[in-house]
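Note that chain A is present in both complexes that follow, paired respectively with chain B and with chain C.
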Partner chain A sequence: MSSSATEHLSRRQKRRAFKQLEADRGAWYPRWFWPSFAAPAVLWQSIFFILPFYVIIAVAFGTYDALRSPVPIFQPWFWDFAQFQEVLSDIFGSDAKYQAVYLRTFAFIIIATMLCLVIGYTVAYFVARHGGRRKTLFLVLLIAPFWINYLMRMFAWQSLLADDGFVNDVFAFVPGLTPVAWLSGKPYTVILGLVYGYVPYLVLPVYGQLDRIGSSLLEAGRDLGASPWQTFRRVTLPLSKPALLAGVIIIMLPMMGDYYTNQLLSGSPKTTMVGNIIDRSVFEPGRGALGASVVLTLIVILLVPMIYYMRTTARQAVDR
Partner chain B sequence: MDRRRRMHPATQEALNRREFLRRAAMAGIALPTAAAILAACSDPKEASGNAGSTTIPLARRDKPVTLPLYDDNPAIADGMEIEKGATLEIFNWSDYFYKKVLEDFEKEYDVTYNWTTFNNMSEAKQKMQAGQVADVFFPTVDVLGQMVGAKLLQPLNHSYIPNMEANVWPAYWDGDTPFYDQGWRYTAPYVIYTTGVGYRRDVISDEEAADQGYDLLWNADYAGKVGLYDDYRETLSMAMLRDGITDINTGDQATIDAALDSLKELIPLDVRTSINGTYVGLSEGKYDVHHAWSGDMIGAQYYLPSGTSTDVLGYWYPADHAGVVGNDTIVVPSSSEHPVLAHTFINFLLDKKHGYENFTWNGYQPPFTSINPESLISGGDVPKSLPLAVVTEEDFKAGYSILELAPDDDDKWQDAWDEFNTSTG
Partner chain C sequence: MTDTAIAAPERTAPVGAVSARTPRGWLRNPWRKPRFLESFTWLYLAWSILPVLIAIAFSFNAGRSRSAWQGFSLRWWTEDPTDAFFNDAALRGALFQSMRLAVFTVLIAVPIGTLFAIGLDRWRGRVANTANFTILLGFVVPEIILGFALFLTITEVFTFITRGTYAQVVGLVTWQIAYSVIIVRARLLSIGSEYEEAAMDLGASPTQAIRRVLMPLLYPAIFASAAIVFADSIDDFVTVRFLSGDSGSEPLSVKIYNAARGSPTPAVNAAATMMLVVALLGVGIGILAYRFATRGQRKEGATKEFVNISI
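Showing the complex of A and B:
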């Protein structure tokens, strides 16, 4: 039905004509039909993200009761921003006691993420390209750590890294190396724990993407005279970029809130991370609003990589 | 036109009734909505109890407190029957009970128990407020005023707890004692402890420990092997006592700052904080010296690697008994569904045999008149190397207790602890 033909019709008549047109084509669905497919996701997001997020805001700008437990305030017109402002001044002010913790957390996470990228990509590439018939076995081995509780794995590292543990035994055996007091508050021990704990989360999406890159594309690169390195750099790497980005986001987000890795492998004030501030404030009387305020700052910071990820993936979808 | 005027008189009344019901239903819907709107318009800060203040004065040794009774929160009546076949809901710290004692209670009274744990008092308070149902609960002394003020605890009926006067130190029931709950209206004591310094005797001699006391933690020789409790009150109090300050419930900012500065000196020594470093870390040799509760030190013997003698464990506490000393309490929450059983359980724990058995497992000593400090060591319950870990009445006469702070003062302590934990030294 041309637009000129329907110009004289009222809105109701137009809708009826549109329905008739759809019916003539063999199917007509009410307007709510297709959007309704998003209902489970919307419901899920509402219950498990929007509501809890609002509670965090209500706690951050809330008050305390007689027992010094946090009392969320849900009416924005009663919100008290004093605690949030205090946290901001603790991060950005002249006497900013949390600034070092935020910077340290970023440093730990950036280093750990870089290491995860190198290790994770290498492993995923090996399995995808050279795994052959043993791909499934390699994948099972990659997933195997997930069968053991994260805390238990950290406890295992405590034993391995103890003064008289296996790692120091090896160090004592190898000429030129001396035993290290790994567990006495060393930043590199915390980074090691983060890398170990999160690297499988990066390997899996990267492997999935690499495995989907057709060999014909690589052969085409070779046919056009590219060396193996050039083929990797100009074909494989660009094609695996979405998975790398997804993997980085997947590991960075939980690392920002991680507190137990530091707690179990260090416990020193010198390695305190943002997650430890949140953890401590949750368990101390009269500190709930502080913890919630720190969570809000963290969310704002994490929005930056999230937006970058969404923009990049959206652009790639358009390009395709 | 008024419709009612056109109606038959016979139907008019029926419709009036219908109209009444309709209006009642509308009012039923509207009233809560109005209440919600009014609630939304009223400031929640006012409804929440003045953000952390209670009307009950802060208990101090020189200013004892009689916790108030409320007409709408009475104690149970005398002579009631025990709730047979019930499940006793226990709300306690983890690793703080010998299961055999609980199983003995089950057998003796033909009941079962369910043990729910918490990690710290703040978490416990929040759960209790949120409606956690418990028959017995084990709070520290510094939260009693708040919890009684919020009517989360019910008064005890002493007629169900004869073991209190029969077995427990008079300091917990005689006359106007204890100072934090005169006349033991709400509490019975659970266990007692002191806070000192634990050390490895295969690294540090008893003489060195006695000579240095708290300074042992600041000794650079043990850098990398020094541990503190992750507890702001205990840790800052210890730093104050080291500096000769005995008012460990102070709100004085300068005193708190000085304690913080002392603690910061430990950061270059690679100090670490944890809650189980004493009984796990010291036993396994991860630490040479650790801030320690006496009960953790006695319990540490069970965490030693097999083949290691208990002689490696040492504990220092001030020779003049002027250190941190305290006790945990047993109470019946007002949410208790089996209050008679709860009272019976308290009496059971205050029984000489059961209380002692519990001590032999968790290392925390009940304040029983029957317990002789010498016999604890000679009997092998306390390692010979830990004589100062046995708590005596003398410790309570000369020692200092960690007590409730006013909210503003508590914030100062927490800010200091926060600064320590985020400091690079």
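Showing the complex of A and C:
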């Protein structure tokens, strides 16, 4: 800027000349112009998204009054970790009352996610590879669960799995099977519910990725002498890995906070998940601090997958 | 590739190749129909959709049961004087509350999200990246975490917003902003900056270029995001339930959740069906608006494009 050619100009003249230069080059907007568009959303999310996370920390590291309702501490230098440590020892300690809940949550989610992977990948593969002219029909049917609310879908299974429901009618009819009390705290019912609830969210990203693999790559694989199985294992599967990972994360994140599936399909303490502790802490007085601590542990567990997912989707958006 | 192109090599199988008629030949034929995959897919689709259709059917059950069919009737929709969906003032009020929350959420979240998407499309730098990261974080954070955080914030800090309609709208907007940002940004990326620059070359001011050129091009994405935000807000119950006040502020989704844990009657099936109808109506209106806004500039059917957007 301080080259000799422009030295004689006042600052104001310089700015005007610069504006003119920008205007000649194309669009010129004042510096505050675009940020002001983003301002309402930024302001909203700062107050109702960032601040609430700080409140969680303030409550988890706060104290409580005589009625055990939380007293948040907002100054980090006054934070009191006693309460949080108590909850941590309830989770990780030797006589921990919540340890079983955490372990059960992980077990349910791992089994449900594996089932989702097998089912989702098979369906996505068929529609992407062999959908042919019916692809749009398949897609609409695959998306249908998105437009049907989750409650309705769990509700539907509540009826089907009732003691006198259709599933037990079939079980009574088929020799060798006896009716099962599905809705009385059976882990496999909850896992079925989780798979049913979340599989559509995995199918679509995997389908998108498989659909983008050109058939030329597969034909090249076959031309170079690979068997169909080898082509699948060495071409298709590696190419679909990013979408599989993204799909797994996108279903695991909400599953970690799921409390409604097991509430509707079992309701028994035998199938309680981490989400239920949080849910109870909202509706039972004196448990706010416990809920905050549990949420804090969830955030720590989920931070890495969340950031990984955001980075990969950001990269994909650039690649497209 | 068409089916005929795939089928052709089978007919002209080279001499000496294993015949397609023997079991081994059938297994090795790379062009055979993937029967297992196809039946698996159809089974999956039936499994994913039939239960819901059965649940809708049970709203027309004549008896009290939600699991054993006792004949067709409109008992749980209109006929029962107290328990039928349309005769139950609490359920009707809840439906109204659902729609009210969804409309408020659309009216706040979509404009804010659209403005943000436009601003971020041109505003570069570290602050912009941080803002973008924060908004998108709202997309991946599990809803229970956000709902609980807002619950604590409203009960401990912003005590002037009591739990109820205002708190619910705040929660829904916070949860939904990211959707409209993502949808509008995708459209912005495909539009590019040429139209706006052309407008300004022709003498439009920046604001005129946005208002008269960019906005009309964005309408399809805005309609699509409004429809999606509306349907999602109708369906939401996690955030809304945490932020509900008295039972009058509970929308239909929360009423259904509470009833489903007790001993529900088919009236609750009717309520859930009603919720589905309202959400689908929202999506249907969105598709119509999308059709209207993109008339003459679409490459594919409106429904297909709309579906592609909403994935």
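The criterion applied here is as follows: the second predicted complex is superposed on the first by the 243 of 320 C-alpha atoms of A that agree within 3 Å, B and C clash if a C-alpha of one lies under 4 Å from a C-alpha of the other, contacts with A are read in each partner's own complex, and residues count from 1 in each chain.
As a working rule, contacts are C-beta pairs under 8 Å (C-beta built on N, C-alpha and C of every residue); 3 or more make two chains touch, one makes a residue touch a chain.
Just so you know, these numbers come straight off a predicted model, no measurement behind them.
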item: Contacts of A:Leu194 with chain B and chain C, given as first, second, both or neither; value: neither
item: Which superposed partner A:Lys270 touches (first chain B, second chain C, both, neither); value: first
item: Broader residue contact with chain A after superposition on the shared chain, chain B or chain C; value: C
item: Which of chain B and chain C A:Ala243 touches, first, second, both or neither; value: neither
item: Contacts of A:Phe155 with chain B and chain C, given as first, second, both or neither; value: second
item: Partner chain(s) touched by A:Ile109 [first = chain B, second = chain C, both, neither]; value: neither
item: Partner chain in contact with A:Phe146 - chain B first, chain C second, else both or neither; value: second
item: Touching partner for A:Pro228 - first (chain B), second (chain C), both, neither; value: second
item: Chain B versus chain C as contact partner of A:Pro254, first or second or both or neither; value: second
item: Shared contact residues on chain A - chain B and chain C; value: 162-164, 263, 267
item: Chain A - residues contacting chain C, complex; value: 26-29, 33-42, 44-46, 48-53, 55-56, 58-59, 70, 72, 119, 122-123, 125-127, 129-130, 132-133, 136, 138-160, 162-166, 196, 199-200, 204, 208, 215, 222, 228, 250, 253-254, 256-260, 263-264, 267, 275, 278-279, 281-282, 288, 291-292, 295, 298-299, 302, 306, 309-310, 314, 317
item: Residues on chain C engaged by chain A in the complex (per definition of touch); value: 1-3, 30, 34, 37-38, 40-41, 44-45, 47-49, 51-52, 54-55, 58, 65-68, 112-113, 115-116, 118-120, 122-123, 127-128, 131, 133-138, 140-146, 148-153, 155-157, 170-171, 173-174, 177, 181, 189, 193, 196-197, 200, 206, 209, 231, 234-235, 237-238, 242, 253, 256-257, 260-261, 268-269, 272-273, 275-276, 279-280, 283, 301, 303-304, 307, 310-311
item: Footprint of chain B on chain A - complex, ascending; value: 62-69, 71, 73, 75, 78, 80, 97-98, 100-101, 162-164, 181, 183-185, 263, 266-270, 272, 276-277, 280, 283-287
item: Residues of chain B that touch chain A when the two form their complex; value: 40, 43-45, 48-54, 119-123, 125-126, 129, 143, 146-147, 149-150, 224-225, 227, 230, 232, 267, 270-274, 277, 284-286, 407, 410-411, 414, 418-425
